[in-house]
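The structure is given below, and queries will be raised subsequently.
By written order: A, B, C, D, E and F. Residues from 1 in each chain.
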Amino acid sequence: MTGPIVVINPNSNPAVTDGLSAAVEPFRAAVPVECVTLEEGPFGIESQRDVDQVALPLAAMIERRPDAAAFVIACYSDPGIDLCRATAKVPVFGIQESGVLSALALGDRFGVLAIAEASIRRHIRYLRRMGVEGRLAGERALNMTVDESARSGDALARLTEVGRALIADGADVLILGCTGMSRHRAALQAALGRPVVDPTQAAVAMAMGVVLA
Amino acid sequence: MTGPIVVINPNSNPAVTDGLSAAVEPFRAAVPVECVTLEEGPFGIESQRDVDQVALPLAAMIERRPDAAAFVIACYSDPGIDLCRATAKVPVFGIQESGVLSALALGDRFGVLAIAEASIRRHIRYLRRMGVEGRLAGERALNMTVDESARSGDALARLTEVGRALIADGADVLILGCTGMSRHRAALQAALGRPVVDPTQAAVAMAMGVVLA
Amino acid sequence: MTGPIVVINPNSNPAVTDGLSAAVEPFRAAVPVECVTLEEGPFGIESQRDVDQVALPLAAMIERRPDAAAFVIACYSDPGIDLCRATAKVPVFGIQESGVLSALALGDRFGVLAIAEASIRRHIRYLRRMGVEGRLAGERALNMTVDESARSGDALARLTEVGRALIADGADVLILGCTGMSRHRAALQAALGRPVVDPTQAAVAMAMGVVLA
Amino acid sequence: MTGPIVVINPNSNPAVTDGLSAAVEPFRAAVPVECVTLEEGPFGIESQRDVDQVALPLAAMIERRPDAAAFVIACYSDPGIDLCRATAKVPVFGIQESGVLSALALGDRFGVLAIAEASIRRHIRYLRRMGVEGRLAGERALNMTVDESARSGDALARLTEVGRALIADGADVLILGCTGMSRHRAALQAALGRPVVDPTQAAVAMAMGVVLA
Amino acid sequence: MTGPIVVINPNSNPAVTDGLSAAVEPFRAAVPVECVTLEEGPFGIESQRDVDQVALPLAAMIERRPDAAAFVIACYSDPGIDLCRATAKVPVFGIQESGVLSALALGDRFGVLAIAEASIRRHIRYLRRMGVEGRLAGERALNMTVDESARSGDALARLTEVGRALIADGADVLILGCTGMSRHRAALQAALGRPVVDPTQAAVAMAMGVVLA
Amino acid sequence: MTGPIVVINPNSNPAVTDGLSAAVEPFRAAVPVECVTLEEGPFGIESQRDVDQVALPLAAMIERRPDAAAFVIACYSDPGIDLCRATAKVPVFGIQESGVLSALALGDRFGVLAIAEASIRRHIRYLRRMGVEGRLAGERALNMTVDESARSGDALARLTEVGRALIADGADVLILGCTGMSRHRAALQAALGRPVVDPTQAAVAMAMGVVLA
């Protein structure tokens, strides 16, 4: 039988891993999906340093899992994606890349809800590297920490407000630019009346496409 | 529970529908996937007229299936995609679009194996409309009919030859630009040593991502 | 002698055909220009369904006119353009394409006055397919029906207001994104102090360039 | 009545002006078209110096012709185009720009037959400035002087050979990248089986579109 | 030893040349840098005519300086750049081009402070020709004359105001789109907290890179 | 006085640092330039792992040098560039970025001489991220190790051969895609008759532009 899709949370916050596991639960009927925590990672990935410091530990974890059928790097900055791909013998999916590619099938222009202002430039450079920035309507920050966004009772209200601003920017489809907002996806989609993509779910779906083919 | 992903074969050749059904079989553990034939369609979709004449019948079929959770239009020209999207209340995936987006996660530049020379210009216009033509390494024709490609014992040899030419053009990942070559996917991937995307499988995987989210 | 340029109104409203005929009147000194109504068309082309349903009837009309020296498809959505080109033995001009190409010779960035919000996404996809979206300053909707825009006494005031907004967006040249506004072209150009392109006239001029060469 | 379209030959070779006049003859049924020689120009425009030295004399000629309804600058390098536009109160068309825009309506990718290797870089920069280089299939030099190309009995054979190379590069439509080859246009089009655009005719047609509107 | 970098002020205002000389003073420790006035130039370069009329005199000056190791054309419109390059046997740097290229190393998106509204379209066309317009955040005019901008005591306040608007447009780095504002560079950079590029200094630095290599 | 430009060799091979120091020697008349070895680095940077593992040590070295006026990361993969910029209080230049930007001022299209085939995809992604890939004529590998390229007596012959192939691809200017080939720059430029950019020199020149401004 095929091995599992291994979803790696590159931060060391187990609550985030639990959230990922809940988000991908519906996919487990089709393939085993295992969510693991990178214990060497920082508690949250916010700065460029956080991004760069997890590249080698992620590659090491990939080497420890020769049984995996595919990997998902579950942080919206797609940390270490090039090294993980150079290391793995199976496909590796970054959630920013997968989220954006999936959104391109759901609307003409996409908007991104980022956690923090500081990450937007990094994301835009990545979109330009992907060659798809021509279809970006805008990216706007929620200006909450990863942790706050996962816990705050006000998160949905803030997501809806920023989502509406992105729709005014021209977005037909929205992407949650973070791993901690999955549980708000359906409610936000209902509130906005536009598709909302959870990038971890998008990446797992793409990985399934390869694993099940 | 959720309704099925309905994969519509826009041509009236039931052997093609059977091939689609075999290609998506592995995904049925996760969601119901139903493959249907558009009986009003031509026996194969080769010309621009073939493409345009199925748009309204496809939309009519979509209206007859309010139970569907998502639709896949299973012809590499993505016929009627705009009308199908305007008609459906659920997401609609075209296999060219889905195949290309999926390939973008598996390599830097992609190559396409088209059935016939005549369809390449149409495909390129579509890539430009998608805004991703900057990542196309090349598209080359097998110069076989849809029917031949599905039946010919020599198909794999021809696919391998054209695939190697695309790799020489710079392709890291290949896309089968047709619905009739699914059963050669794994063998071609092994022969070329590069990922090979079956676009119908890619579209069903993307549809699953939405349906299961 | 050369045959006529045949301008096809893809909707069945003869008043629109009359308007087209008036708009192209000045060109008749050089070549015969015949304006015909597609009787199978809807009364106006507003939805994606309207666009798709006229493709085959347009091709059929093209086949009935082997005497034509060139064809112009006179609806700003350029319905059936690919099929018409595959069918005709002579050049076929879409008015959106011709209007945009002509505008590119009259200013650095262009703005489009669309009839309705709903058609803007369709137009933008078409510009991206053309590969010229980098020169679009903006497209804004008049939010009038085709019929209203042709008849309303207030049309010029509304056109001027939207045209000024497009100039503020950066447009040097404006395009009437519809067939029903030709008679306002000169007045709008005077009011705005910028070139205003009637796309049907632009397409007939391009067709003349080929026919007379 | 409307004034003439004034076509300016920026070189001082009257034989070239005569060729222009013959090329635009068919358009005179619709509007007066006058072809004039810039006597201050060099005998042929080949180098960057030739291009730059005619800018001011072209603007001076424009000022001497307040009766013109439009101007065409009839050299494929579009010399002085920005200054001519800043000077004229009526539209000014460059033949490279007009030829390329017209070609975009006749095929998906275009090829250019240049007189000399040395001008290709200049043309490519101009296409990039226009924002349409994504649709260039290729530009290839005939490697003849302006004068040779106008007179040589072998010109058609050479044009056909280079045209075929451009078609192999992917061109659907060809542009004569010079003013001196107009009389070969029809024969070349017949030989290649693809549309061939004479850029002076294209520019006059676009000018007519504005003048007659 | 190597010859000097010759910085040519294409206008005939010696105060501007003096300003250039002050701006490049710090570079003279490494290489001789000579600043010269083009006496045939207009007193300021503001219109397209001003731009075009200096091309030939600039080339003539280049021919008079066979001792130069490199040339810098010190006007933000990069007048005559193509002819100067075709004429010189050594590298020629335009300050717009150099300023933009240098800015691309200092931030993701750049903003330009132009002297006058009328020059912005010209600059944008040039950025498109360079192929880097995708990284432009915006260009905004100070709406002062060249002379005013050099003398006005209020210049810094106005620069700061326009610079802040460009930062709000998304600029990470600013470019002084003129030669007369060099002495405000450091103060503006301090006021805005973002890198500010003086394009003449950028061009001389690039020239040094070639001369000293 | 200003502090030094600190050029960091991210590999631990002191011979490479010595080569860098020789390459930047001519610039020391203007500003102090110090070349240092990252002792934690691998002996050569060839793989993606090599690239990623030096990011944090580079940032640590930057923190140890608060006296620096600017930094240059002297490896053509621009390892750790984002983190170095987030860490430093002064500008940081990557040599790939600086080499490419400098080449854009010396020719219309550039070619890159890479050490190894495996690094080309990485470089292309970086060019796309920069938004300048439209001006790449081609990148070709020498297929020598970093060490071989620095020592081999045959290096110039191989460089010339690959440089000629890039010129045939359309390159007007060449970039040495490595730090170990600086001493061949002048000879290669003479052999090819086109500008050849040493990226370390280009980066130091750009850094000087900022430091001396």
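Rule of thumb we're sticking to: contacts are C-beta pairs under 8 Å (C-beta built on N, C-alpha and C of every residue); 3 or more make two chains touch, one makes a residue touch a chain.
Given the structure is predicted, the values throughout are model-derived calculations rather than measurements.
Contact with subunit C and subunit F alike is made by A, B, D, E. Distance from subunit B peaks, on a Cα-centroid basis, for E.
With A-F and A-B as the two chain pairs, more C-beta contacts join A-B. Remark: rotation between subunit B and subunit C after Cα superposition is 180° (nearest 5).
Residue-number overlap of contact pairs with C-D passes half for only one option from E-F, B-C or B-F: E-F. With centres defined as mean CA coordinates, subunit E is found 52 Å away from subunit B. Computed centre separation for the pair subunit D/subunit F is 43 angstrom, with centres defined by C-alpha atoms. Residue positions 125, 128, 130-131, 134 of subunit E each touch two or more of the other chains. A complete list of chain pairs in contact reads A-B, A-C, A-E, A-F, B-C, B-D, B-F, C-D, C-E, D-E, D-F, E-F. Every residue of subunit E that touches subunit C in the complex is listed here, in rising order: 121, 124-125, 128, 133.
Per the touch definition, subunit B reaches subunit A in the complex via residues 26-27, 29-31, 91, 93, 97-98, 101-102, 104-106, 130-132, 134-135, 185-186, 195, 198, 201-202, 204-206, 208-210, 212-213. The touching residues of subunit A, when paired with subunit F in their complex, are 47-49, 51-53, 55-56, 59, 80, 82-83, 85-87, 122, 125-126, 128-131. Subunit C contributes residues 108, 134, 172 to its touches with subunit E in the complex.
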